[in-house]
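In this document, chain identifiers A, B, C and D correspond to the written order of the chains, with residue numbering beginning at 1 in each.
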């Protein structure tokens, strides 16, 4: 049916089967779209958010996917700026994953604000002191950069590429990609940092508050480091997942190992600072605010196990796995380390979002528990499904993996 | 953390030894500020109370147990944690008097300010305001009704301040120094035990200026550096002690 | 072949330009007309009859109250001081007296300068300015001008936008703090 | 040159680009965002001239003196009236929502009559004819007509009871309250004269026994004002307060000390204090002082009191020492929830004040002159207060008293707010024709056959005369602030019209002239307006005031007429013989726990359910979802295996109710604190079906010796469900 659209020399499953797959994804998208409609009609009252938990699943989800999507800018940076040529084999995927993560996050954000029709106030009436303003501007700009980075891959689609103008456009864009990669790196670094900064500046919230450097709290830098540690690994995981799903080799394992090495190095750097930060927070900041380390945790749901899991199991452990070449080169450890790192980053984003505001600050206040409801899960699942959709379309119709032909011949 | 200083600093001193927790302040506040009633107000995570009376306990067993009530309006912090985080300048502390503003038509409902405020003084409109039939005739002209999806908070009944300034102009009185009775928030006015004293903290003619110097005066979470314009008073040590977080060795 | 291409290219450019032009016409000429609905005042109130004919002063009806607030438009209480019964020949007056005053209903006047509930405006803080700096001068007007209502926002076309308030405040070194004008 | 596909695309692209240079997208985005501030389903503000009208809001039992703020003539909010001494500018949480209650969804639209299970709206003339018909059938036959009034302090009782008397009926009852018990004790048991009040303002030590005076007992806001004035901010307190009772109530929370005493032990506790005074030589010049002395010296020694109420002798002695050291000590006794306390407690409290020599002293217990009467046919105040509704209904329920043919209920909710309320409701249901004058669809109205709604308290003429507990005589006028929002008619006016139609002459055409006559009578009594000087200052001699010349005019301006006149006593007794029988609690093992109901005004009063605005003031340890909470301490919880939030059933001898448990150390062991004001079955969606009605588990007992009906210290057992 759609043979004309599939890149030359690649085999893809039958169109019927593909449609079935898309329909499967579509169910989740429809469910999310239904939830989104209800939310737009009735407002956020249908969600599980409340006065204590103004931030919840969506913000956690946004922060996590944005961190995981950091593979796009960081790989781009390594490929185009630092000229690590090997990465050309995965950079397309990194860009697509980044695009999915960012556009998905923006979609969720429009749901998350109480007055979506006023969303543009963020640009028109910006508060220059707010980290969120920085986030809004950088995310939008970077999302545009991602679109620009994604366009050449789209234009290289077989039929589109036949149009001379588009062909030349794609080519020209490719040659200038370093510029966009640089721009993307700048923007993305900034807003990854701003996202961390958003929490670090909350001087009324002992769990999140951090002092810092110049105008930025330490979380600003920690979020950047953790994102660049997790992003490349997430890209590798996505590629591997696609390989498992399609039964094809898409990216040379050596490229993955390289990505693992890069991610691992970054993770080491991150963990070094994160451990110091955690220690200083517990020993310095908290006592100054009148709190003890123990007071930061509550029962199982906000227990210390979260912190230890994040730091040790999902931090130090994968860092070790990735830094020992012999381990890194075994697929099991490479992927396990990737999964752990991504989990750790997600836990980190979760506790910074939810535990921060669950913690009672006034001594006569008490811990509150937050449970997201279906209206929050559905749009989040929808974004994941949307990611699957974009990846499915890209994989089938666009030349995403330069090595595919060679690896599968 | 940005500190804001003003010549006039409207503030409250709430005497916790006088507060019986009757709730008149909360009702008067709702009436004054056109807060729509809720059918089920027992889920406190969804209610909207610019003024909220907390119940404090000394955590001792019977018969040593003691109770105190703590009304919590917006603290109108000198270094508000909510203001710098707002992405759209829907809240600001930029007016003489130091009242932290909140502009409903500007607010996009991101709730970042709620995450920032350790006093839980900010509330989100989960629902559109619905009044029982006819009750909307009792809306005061003081505050615009808020649509769902925006954040709101205590404004020290700011329109009363504007009206007092207007009266000052009409009567040729200094709009920065008019008699304190001209401007009293609804809660202070209603309080049957006179637990809430309101005025300009910087003005020696005002009672609050004297009260904040009392050894029994304290503020909530002072060590966070928010510098609230709302003070509390209690002769009871345990009540004052619960005004902030302390480490074990800091116990008095 | 080459000619064709030129034609095609210029055709492309022309079509593009035509699109731009059409958009400009729609956007600048038709859209503003469609955006506003034209409404007439419920009663054809003649300022001329009152000001010139009856020698009334503006502040007979538009006055300040004791607390410094501005009364704005007069209510039945004020109008009824004269119009308890139909006095003249004018059908508009008869309409007012029979359909509103005697029914105990206030006239839902359309206010050209209507500001939404979230705006606090003190007329007495702006007393040094002439009314007509902000309001249309209707003193000599025999029939009130039509009222244009924005179909989306619900505002009057003449509603002063915030930037104008801000500009004037800035120029006069008056505070532009949010709560100065909002409630 | 035709427009091919490519050209069309160019056209569209051109259009899109061009549009960016027109106002369309920008104006659209802007206007849409403006639209979000003016959503058509959001209510709009209405502006107009602001004014304030002084009146009395009678949502709470004592009535708050308020200034009603109007905008363009519409009432919008209630504020305290600082010029009126009754509440001195303060406001109770119920009256704070008074204006909003004009538009309560439960408000009755107009006169209605029952047709099977629903009500049909009728005209006032039809209603009057219907009622006249029913009343004519009862004329001259005593026992065939009964009336219940929920207003203890209003002159309307004169109109209604006068009307009843003219029809030959003597069954006119007030809803129970401490004022009645106090009057029965003082003018009955103790042979005293006048109405008892408490000069809180001049006392330097006030011991509240039972009476939750800073929350709901007596003239609450005035009590709170007196408390407030004695505690100047940042300075040394001028007076101290002690609360004795089973629960650390809101009064106890701000008092200097809380002395835990079981509800059924309050009288013994009070007599235990008398013991120390008598022991130290205090005496009262009454005929039965010696037997009183014998009683306390033999039966209320500290160790005996310890056995009776579980209070350490040291605590009792310490307390008596404090009373002795105070210059102007005052003891205020009452039921924790303002009703159902026995005569023994009132008598013991009065005796304690007498032993301290505090009768008619500044800062003491004051015997004030009886209220004057203007409707000649009406019951005398003393007689009015002597009649006991609860025993009347209990007799009716048990068939010991005849069931009347017609019942008229004015501003009262006896179906809901009487002890063992289910039994009471059954007794009331037996009456064939029931008439309600309520403003709202309360439980009683829902049971009635004819509804004749009286205007909301802010829409009518009304008055308040010296609510129980006030330390001086006072009278204040309520006048309509706006036209009734519904088709309502003042019950007094309706009654006067009906009387006229039935050829009964009560001496007045309308209620306003009744009140005017009242004002004239008061003017003749002397007295003054409190804006001249505070009555307590006049009493203590710190100020003087000139007699008010025109009471009616001043009252219309919102001022309260006051008098500090006292009544001398001639043949006072201490009621020792009766006390000897009455004061001892009798333990009942099958119902091991005592109920201490709490009446919190934010939740509602005996006659008004929670206003919609007040729901946020109710804690989630008091009401959550559909369940209300009872409170017990950890010790009690442990004993009965109750955990926080557990659902329990409380069973008393005459009823049961369900609630969740909140564990708090504010309650003494062996006591269950249960809130009043929940569990409504009528009213509106804001209150209906929320929690359970504590009145159901209050069981009436007869006090030995006095025969008084008592339901404080009701006993229950508790079980998890």
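Just so we're on the same page, a residue touches a chain if its C-beta (ideal position, glycine included) is under 8 Å from a C-beta of that chain, and two chains touch if they have at least 3 such contacts.
Source: prediction; values computed, not measured.
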Which other chains touch subunit A while also touching subunit D? B
If each step moves to a chain the current one touches, what is the fewest number of steps from subunit B to subunit C? 1
State the pair with the higher C-beta contact count; candidates are B-D and C-D. B-D
From the Cα centroids, identify the chain that ends up most central relative to all protein Cα atoms. B
Rounded to the nearest Å, the gap separating the Cα centres of subunit B and subunit D is 30
Distance from subunit D to subunit C - Cα centre to Cα centre, in angstrom: 52
Between subunit A and subunit B, centroid-to-centroid distance (C-alpha), Å: 39
In subunit C, what residues contact two or more other chains? 67, 69, 116-118
Quick check on subunit A: which residues sit in contact with 2+ other chains? 115, 118, 121
Among the residues of subunit D, pick out those that touch two or more other chains and give their numbers. 32, 34-37, 44-45, 47-48, 50
Contacting chain pairs - touch in the sense defined above: A-B, A-D, B-C, B-D, C-D
In the complex, subunit B touches subunit D at residues 13, 15, 17-24, 26-28, 30-32, 34-35, 37-44, 47-49, 53, 55, 57, 60-63, 65-69, 104-105, 128-129, 131-141, 144-147, 149, 186, 189-195, 197, 207, 210-211, 214, 216-217, 233
Subunit A-facing residues of subunit D, complex: 29, 32-33, 35-36
Tell me, which parts of subunit D touch subunit B in their complex? 34, 36-37, 39, 41-48, 50, 69, 71, 74-80, 87, 89-93, 96-97, 99-100, 102-105, 214-215, 220-221, 224-225, 227-229, 231, 233-234, 248, 250-254, 258, 260, 485, 600-602, 611-621, 623-625, 633-635, 664-669, 684-686
Can you name the residues of subunit D that touch subunit C in the complex? 1, 3-4, 6-8, 10-19, 21-24, 27-28, 30-32, 34-35, 37-38, 40, 44-45, 47-50, 72
Which of the residues in subunit A come into contact with subunit B in the complex? 43-45, 49-55, 112-115, 118-119, 121-122, 125-127, 129-133, 136, 198, 201-205, 287-292, 295, 356-357, 361-365, 368
